[in-house]
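Consider the two complexes below, in which subunit A is the common component and subunit B and subunit C are the respective partners.
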Partner chain A sequence: MEQETGMRALAQRLGRRVVIIAALTVAAIIPLVVHNPYAIHIGILIFLYGYLATAWGLVGQSGQLSFGHAAFLGLGAYTSTILFNQAGVTPWLGMLAGGGIAMAAGAGIGYPTLRLRGVYFALATLAFAYSLQIFVRTTNWLGPIRIGAGPGLHVLLVNGGNAPSLFQFPSKEPYYYIALGMVAGIVALSYYLNRTRIGYYWAAIRGDPDAAESLGISVARYRIRAFLLSCFLTGLGGTFYAQYFLALDPRRVLGVSLSIEIALVGIVGGWQSVFGPLLGSLVLIPIGQLTRAQLGSSLPGLHLLIYGVILMLFIQFLPQGLNSPVMRGLRWAEAKVWRPREYSTYERGGK
Partner chain B sequence: MRGEGNRVALLEVSKVTKRFGGLVAVHQLDMTVNNGQILGLIGPNGAGKTTLFNLIAGYYKPDEGQVVFQGKDITGLKPYDVCRLGLARTFQTTKPFMESSLIDNVVIGALMQDHNVANAKKIALNIVDMLGFGEIAYAPGHELTVPDRKRLEVARALATGAKLLLLDEPMAGLTPTEKAHTVALLRRINEQGTTLVVVEHDMKAVMTLCPHIVLLDRGEKLVEGTPQEVTSDPRAIAAYLGEEYVAT
Partner chain C sequence: MVESVAAAAVMGIQMGCVYAVIAIGLSIIFGIIRVINFAHGAILMLFMYLGYYLWALWGIDPYLSILIVVPAAFGCGYLVQYIIVRPLFVREKAYVVEPLGVLMLMAGFDLVLSNMGLMAFSPDIRSVTTGYTFNTIHIGFLILNQARITLIPIVTALVFGLYRLLNRTELGNTIRSVGQNREAAAVCGINVHHIYALTFGIGCAVTALGGCCMLTFVPLEPSMGLPMAINAFIVVVLGGMGSIPGMLLAGIIIGLVQAIGAQFMFGTYAIIVSLVIFILIILLRPRGLMGRIEV
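Then we have the complex of A and B:
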């Protein structure tokens, strides 16, 4: 019996690994065969939003919703850009500083509000992002620091944008591989955390906070940990954003719409799951880009309407997000393809 | 009789009062739970049994009085800190973690004892075996039936390694056979060294399980003693038990 469950677990893990290895291989090969910059750009956006939504989803895993994640992305983007433009610090290091600043801001919001039950945290994140945007848009200089006010900032170009040690590349491919590495890393981190104590505790907290506390789990503490980690990682994503677009427009990088887009990708994919946010990005980003490209000039704003309709359909028909049917399908395929004879026991024993 | 304990106080509740607005839910209550005991807590609906659990386990802060556990003042501590000190409670309305499997529910409790997931799984498997869950151990929380959920509450609290369990109606909604199983199970848990306080309405179950009973009425302790003493007390009969117990 012990042996059999062991074999089953092995088959299950191998099965999943095959899918992951195949996906990574395809993603790594695409730039070698596809030379259309627009296609590579969409790939980069998929990874970037997959990364941001996964970072955002860590908060969801602890049972809370953030509607202000653009603030943490913006803090990361502005920090590394200001450090580079004014002090010559390479964004590779500025990235860590940006993550740190985002995390510090997260501590300021999280410590008072994550102790409370209810919507206070979600409201605080929204309010923080909004006031940060207003502050940045109206402040050109903060002491010796140039923030750029409404027009925003540009990352100073070095050597025509060909300076790998300064996180500047002349073509899209390097950005593509960096973004792929970042999204693979963050999904792996989320997957790993779910298998350790903190992941079990997050499951308990989103299951029932009162019951979690009865089992020795400090709900506030584990929510704060999730939030601080999420802020730090989102700050790192902000630096990538700055280096890829090379321009920071506060209405965009600190905008409510960006916060909502990140949340939307996460919710459509499955906001409390490991792979969901990436799945959401895989589906929503191409739809968003294509509708914008097709309809953007003739009917501006229509792509947002389509987004809204998609969101409503998901909330109505698939509140758990894309993750749950996809995982069910994978598990079924795994059982059929890899271990056909154990299908029936598999169904019963599966998590 | 089993479950009598050794007369060393594990939990001491003294002069505890809790008010909700104008309503006094618990009033100047004293209660001692001895190490190794199975104490039955009975009383009509609204007598303050669950409020008392909430006061002991840290869900409410008493307005007056003191709760001492293992010689340490735990008055006003948070539920998770109370649990870390070795006092766990279950809920009358069961609260399984719906998306986690039954075994993972127990693992979450066991992570209190051992922070390593693999080790916590071993602890959880032992408890799941002892409670006889069998095949359903891998079913997700939302598929569990009421009796399974009731047992899961106990399993999870037990997995924390607590010395004292506060069980809030672990037998409500069970059939007589299931109740008998639960009585046997709670005895076994007690014999392995865990002290129990059990809130229960089924007097037959309480009288078989608990050598010591406290009867609450309107937030105050009305009667305390052995099942015989409590059931023959006229005040207990008037407030809760009813005439059917007069003869015995």
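Then we have the complex of A and C:
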């Protein structure tokens, strides 16, 4: 095959990676160009929700729905904050502990319910998140541990918030890059898992659990693995949430509306795909933030109402989520622009 | 001590009856359409507000407003199923085994309804006070509140009526046949989507009836739907999806556990006890106390 010159050759050699590299570059450059803190804040939220929805999507990849992911986020956030406030453990380590606690709680919910078919798991996660919220809101001291009841907890500020070793930064930019790193990491992980044995098992299970079972795949086991991994990663996200907002309000951090927002972002993006949840976050979070900023004071709950309408429209008209048309577009662009030669025979030969 | 436990037990049975009615609404919908109605709590909240406004604006007694609220709920339920849910069933031609799509749809519908409620009714807590709100009847050492005790005959009549409707009438046979096998029922000439919409309407009507019974003693707020819905989910799983007597039994058990538990612990721990029951029943007997649907 003769070598072409110029941009097309470069694109050809890089292939699909070019999209990812371009997106990462743009994302990394934005804070250097845009200095508006509110824009950076929205960027951080997009990455945070993208991260959480991708973690949530791991459960979706095994063909189940969780409506209680705020509980695991909250467990991660509370664990690292309590460890830091009361024992001085740096949240960088507390993060792992938070993930571990979230995973343990996930095991408690997952083992009984993931053996069963149907909606038990979705109901159990919802009920668990709600009960946990009630528990936290009514408990100030659990033995020697201060949970903070209704008003919640604050992360103690060290050195006016300038303590990188304690996961505290004076400006938004470091949080932006950490969030970017986290979301890139989790999407890469999800992408990698999709190309390993467990990813194929998940695909088989979500396609048809009975057929998967008959081929010797333990549906319950692989669903539990997906769920535990998802809980752990969500717990890590919880610590980021705590360190970024520096305050934990149980009504928000453990709220059912947060659980549904995470699920919503994942569903709108494409709840059984790798890149979908991030796409969903890119579209939905700016809409939600702008609605809240414009009309939040006069009409509380309007952004949730809009989210609900969007969710219903997507389930009706585009149940695979945004991921499917976007990927189709990219594939089309790849065939037409980057690799016309390789694809020309394919095109000529009909579908 | 005995008196307070007995009083709590009476309270628990009354509350349990209401839980049972709400759960029956959920369970009928699940048993026939195989849809977990995530928006159940929001629907309950909206029709309780309808009952509240009937009382506040025209002074209609909450128990009397059943005659208006329940048909309205039936109509709305019919339309919701026919307009919002039906397209999903039309698209998914095969028998829906894991109706996660519908579950997500209903979660979206719940967001819409509950936030509409929040915007329309403001977060203030309201309550209905009738002439008999504080009337009590003394039987031995038991003190029965007239407003609460009235619901027990209504609930009993409802449970028997529904049981007969589903098991002894032509319509009931049709509904149950659709629940058992959608395709076979359609082959026999039954309009499946009409029956589904009827079922959803009946489920909503039953729920609204529970809401009217609650109006006299439960304060109203827009966020009340979710805890009620979670309670109903727990009752449905405990009683066994698709069994009406099971709902009544499970509702009373949950009501008793919560009311008696509240005597010894903080009231808010009741929901945690319910969660433990929920997990235990899933672990030990997933089909519930009286359920017939295999899991």
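Of note:
Assume the second predicted complex is superposed on the first by the 326 of 351 C-alpha atoms of A that agree within 3 Å, B and C clash if a C-alpha of one lies under 4 Å from a C-alpha of the other, contacts with A are read in each partner's own complex, and residues count from 1 in each chain.
Assume a contact is a pair of C-beta atoms (placed from the backbone, for glycine too) under 8 Å apart; a residue touches a chain by one contact, two chains touch by 3 or more.
Quick caveat: nothing in here was measured; it's all calculated off a predicted structure.
Overlay on subunit A: subunit B and subunit C fit together in the combined arrangement. Contact with subunit C, but none with subunit B, is seen for A:Arg117 once the two complexes are overlaid on the shared chain. Touch criterion met: A:Ile217 reaches subunit B, while subunit C stays clear of it.
Contacts of A:Leu65 after superposition on the shared chain: subunit C is touched, whereas subunit B is not. Set side by side, subunit B and subunit C differ in how many residues of subunit A they touch, and the one touching more is C.
With both structures placed on the common chain, the touch criterion links A:Pro300 to subunit C but leaves subunit B unconnected. Of the two partner chains placed by the overlay, only subunit B lies in contact with A:Ala204; subunit C stays clear of it.
Touch criterion met: A:Thr196 reaches subunit B, while subunit C stays clear of it.
Of the two partner chains, subunit C is the only one touched by A:Ile315; subunit B is not. In the superposed model, A:Ile134 makes contact with subunit C only, not with subunit B.
Superposing the two structures on chain A brings subunit B to within 12 Å of subunit C, judged by their nearest Cα atoms.
Once the two complexes are overlaid on chain A, none of the subunit A residues touched by subunit B in the first is touched by subunit C in the second. Within the complex, the subunit C residues that touch subunit A are 36, 84, 87-88, 97-101, 103-105, 107-112, 114-116, 118-119, 123, 226-227, 230, 233-234, 237, 266, 268-269, 271-272, 274-275, 278-279, 282-283, 286, 295.
On the side of subunit A, the complex with subunit C involves touching residues 63-65, 67, 108-109, 112-113, 116-120, 122-124, 126-128, 130-131, 134-135, 137-138, 209, 256-257, 260, 263-264, 267, 299-302, 304-305, 307-312, 315-316, 319. Of all the residues in subunit A, the ones that touch subunit B in their complex are 195-197, 200-201, 203-204, 206-208, 210-219, 348-351. Within the complex formed with subunit A, the residues of subunit B that make contact are 57-59, 78-80, 83-84, 88-91, 95-101, 104, 107-109, 111-112, 115-117, 120, 135, 138, 140-141, 156-157, 159-160.
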